[in-house]
Amino acid sequence: MKRLRVAITGLTSCSGCQLALLNCEAELPQLLELVDFRFFPMACSPATLESDYDAALVEGCLSMPHEQELLLSLRKRSRYLVAVGTCAAWGGVAALKNDQDREQLRQQVYGTDSTAALETFSPLPLNAVVQVDATVTGCPPEKEELIGLLTGLLKGSLPTLISYPVCTECRMKETLCLLTERSALCLGPLTLGGCGALCPALGVPCEGCRGPVPEANLAEAMEIYLQKGYAQEAACERLRRFCPGWRA
Amino acid sequence: MKAGLPTSATITSVRKLTSDTTLFALRCDDPAAAGAPLPAVASFLPGQFLELSLPGIGEVPISYCGIPSSDGTIELCIRHVGHVTIPLQNAKPGDAVGLRGPFGLGFPLKSYENQDLLLIAGGLGMAPLRSLLLALLVERGQWGELTLLYGAREPGALLFLDELLYMSQSSDIRIYLAVDRRGSCLEGIPHCRAALLPALLDQVMLQPERTHAALCGPPIVYTPLVERLNQLGLADERIHLSLERRMKCGQGRCGHCAVGTYLCCTDGPVFNYAMLKGIEGALV
Amino acid sequence: MRYMEISKLQRLLDLLRQQGELHSPVLGDDGVTRFELLPPGKLPDLAAIRTQLPPKKYLLHPQETILTYQADAGYRVPLATVPAMILFGLHPCDLAGISYLDRIFLGDEPDQLYLSRRAALTLIGVSCTPDEFCSCRLYPSPLEAWYDLFFQQSVDGIAVSIGSPRGAELMKILDDVMEERELLLPEDTRCFFGRKIPLPPESELDQGLPEWQVLAGHCIGCGACSVCCPTCSCFDVLEFGGLDGSSAERLRRWDNCLFRSHAEVAGGMSFQKDRAQRFRYRYRHKYRGFGQVKGVPGCTGCGRCRAFCPAGLDLRALAGKLEGDAS
């Protein structure tokens, strides 16, 4: 079988999504039989771009001109471009302060007397700049999702974004509902599932790391959070941690 | 367990019909001995559907597009728009697939005997109606007047045009074609005009008390078609529509294909309009 | 009538354990009551009103492999031997839920996975005291609460009814802990099941009722109502390719008609566009039925949907209005 020619890179990110793939140690030998990682600077050198790829997997959001160049370049060379991880899909934590003035932020971080010009702009998800053919969300995505993405691409199919919330998986596991039983600020009902409700199953409220579900009923969820005694501010701040697009 | 377990089959031919639509021929790998009955999935009625599996990708319901053939060949006309059908763009003869079926009830051929038949297809709706059309032509003497109205977006999207134009040369059937896009070049396509599908009904004289209509098309086209057929005097019971739903099991279990309290996979996918009338979400 | 003093419960459980894996409602350290393996020495929570998940989880796993594929062998049903299992502590509504699933997954062409698991199950019911979320009393059900044995709790013991040949066989083994007693016990909630009730109305649901919009407005789409429902059995089907590049596995996973994706077809078009419409879909399925359960109301009155809904929604109030209050 012809191996899948893949380019993998990270833009503004923690590289955790790429690491999640590299952590699939048991599967990597078999995966290498199927997938030819032609461009994967984090894992192998040399890393020079070639003329074409079956797929480009891109982690992270866009915040610098050279990243935009790389992204456009990968888009041109790849049949499919897949946004991998929450930052690539929604902006993620790097976009946390997108609603604040960039100049003020610069001064806060680097001081007023810093003259170094920062070549950055407000972080953006990939689909703000290029067409994204598929999204695998998560901070980081689950190992099964990454492997499923690659075995699917090998057969010419793109993954369908899971559209049900964390709550559904939480209930399937028969864990305690932290929202109703512990009055926790749990973002489960608003957040895309696929993680197997990992956090709530360990007693930790959902932080919303996989981004918003389609048709999220934010108004009603907010009503419930308010009833539980949370301020709207607090709830919104929690929501925007991974997806700055949330507005309540 | 037969209905739940895909039978291994092989793609025997691939014919691109348009840029996004392909006609596949397939055959079960375990052909019955000569003279023995066909494999269950190769023995079907027009309007029924099967579940096509692409190993490692998934399964999708597809209408039969041909008629049962003595060598067990099954024809499927597939538009590459979904999770399973997009990878099928790369399929070649010799590729392995799985088949389950047939499912559903199909067109009520018994009640069509000695009746005039009006087939109305929109877009990809031609696929199941081609199955019906071929079945009707095989036993041409059984039915009265045969008319096909067929509309597509543009001339290049008219499926099976060569076949249809060939048929239209005989006196067995009258064929009227339409393309939505005005200004399309219709040269070399007789019986075709730039119009929306329901407008073709203006060209047809029908005797409502001895006519049945069989419809298949995108959901949006059903309401105007039914309205117009009613105006022409056709009773609801005489209008048969084939509905699209995402039948995931075909066995009435997965719960995805309910229309009112009917299930598309076991009570349909062909319904007469009297059954569907008033049901929320049935047509659009 | 056969009777067992409550002091002999531990001995009874030991006898049952010899017949198969014993599962019953257990209150977990996390505060959730669930059906799970009952370890020796532990007592079942027979006072629990409802487990979070109904016993359907034993028959249809939330996610399970239904087919495997190998290039040389094609698709195959994974064969697994199912150990004998005894579910102890099922309430009549749980039993009715199982009989509803039987109608869908058994029959002329039974689902092999379901059949093998169902055949391995022994069902032992226990009487219960309904709470404010239970509605068995309000809306009696045509679903049969079939059981192998049923234990009716009284002050100091348990009166046993036999419901099947398998139950009769089991009773012989349990004879050690049983005695004969004359008792006059009040009716229990079994009486609300297997009832002849009028067929649901054929008419289409009135889309103009304000209740639909209220439900849609408050629903946060978490899916708990469906996951926790003893009769919700819609499933999605998924397939994944193996790492060898040729094998594959097909899964089914519990699905929910309140999600947009439920009625989506290729290309993204959905036949159930908004949440209010999807509530009507759910309503039709739950109270009027389709397919094998057409005309069979599928609500067992267990109260899980109401008890576990974060927004406190309750479809049953509407059912009272639309189906008529049978009581």
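When the chains are written out, they are named A, B and C in that same order, and each has its own residue count from 1.
In this text, a contact is a pair of C-beta atoms (placed from the backbone, for glycine too) under 8 Å apart; a residue touches a chain by one contact, two chains touch by 3 or more.
The model shown is predicted, which means the values in this text are computed figures rather than measured ones.
Among all pairs of chains, B-C has the largest number of C-beta pairs in contact. Relative to the whole-protein C-alpha centroid, the nearest chain centroid is that of C. Per-chain Cα centroids separate chain A from chain C by 37 Å. Mean C-alpha positions place chain B and chain C at a centre distance of 39 Å.
Counting partner chains per residue, chain C shows two or more touched chains at residues 240-242. With touch defined as above, residues shared between interfaces to two or more other chains in chain B number as follows: 56-58, 83. Those residues of chain A in touch with two or more other chains are numbered 151-152, 155. Remark: chain A residues 151-152, 155-158, 160 touch chain B in the complex. Interface residues of chain C, counted against chain B in their complex, comprise 66-67, 69, 71, 74-77, 104-105, 109, 111-112, 204-205, 207, 233-242, 246-248, 250, 252, 255, 257, 262-267, 269, 271-273, 277, 280-281, 284-285, 288-292, 294-295.
Those residues of chain C lying in contact with chain A across their complex are 30-32, 34, 52-53, 57, 62-63, 217-224, 227-228, 240-245, 254, 256, 259-261, 275, 308, 310-311. On chain B, the positions that touch chain C within their shared complex are 1-8, 29, 53, 55-60, 81-83, 85, 96, 98, 219, 244-246, 248-249, 251-256, 258, 260-263, 266, 278-281. Interface of chain B with chain A (complex): residues 54, 56-58, 83-84, 86-87, 89-90.
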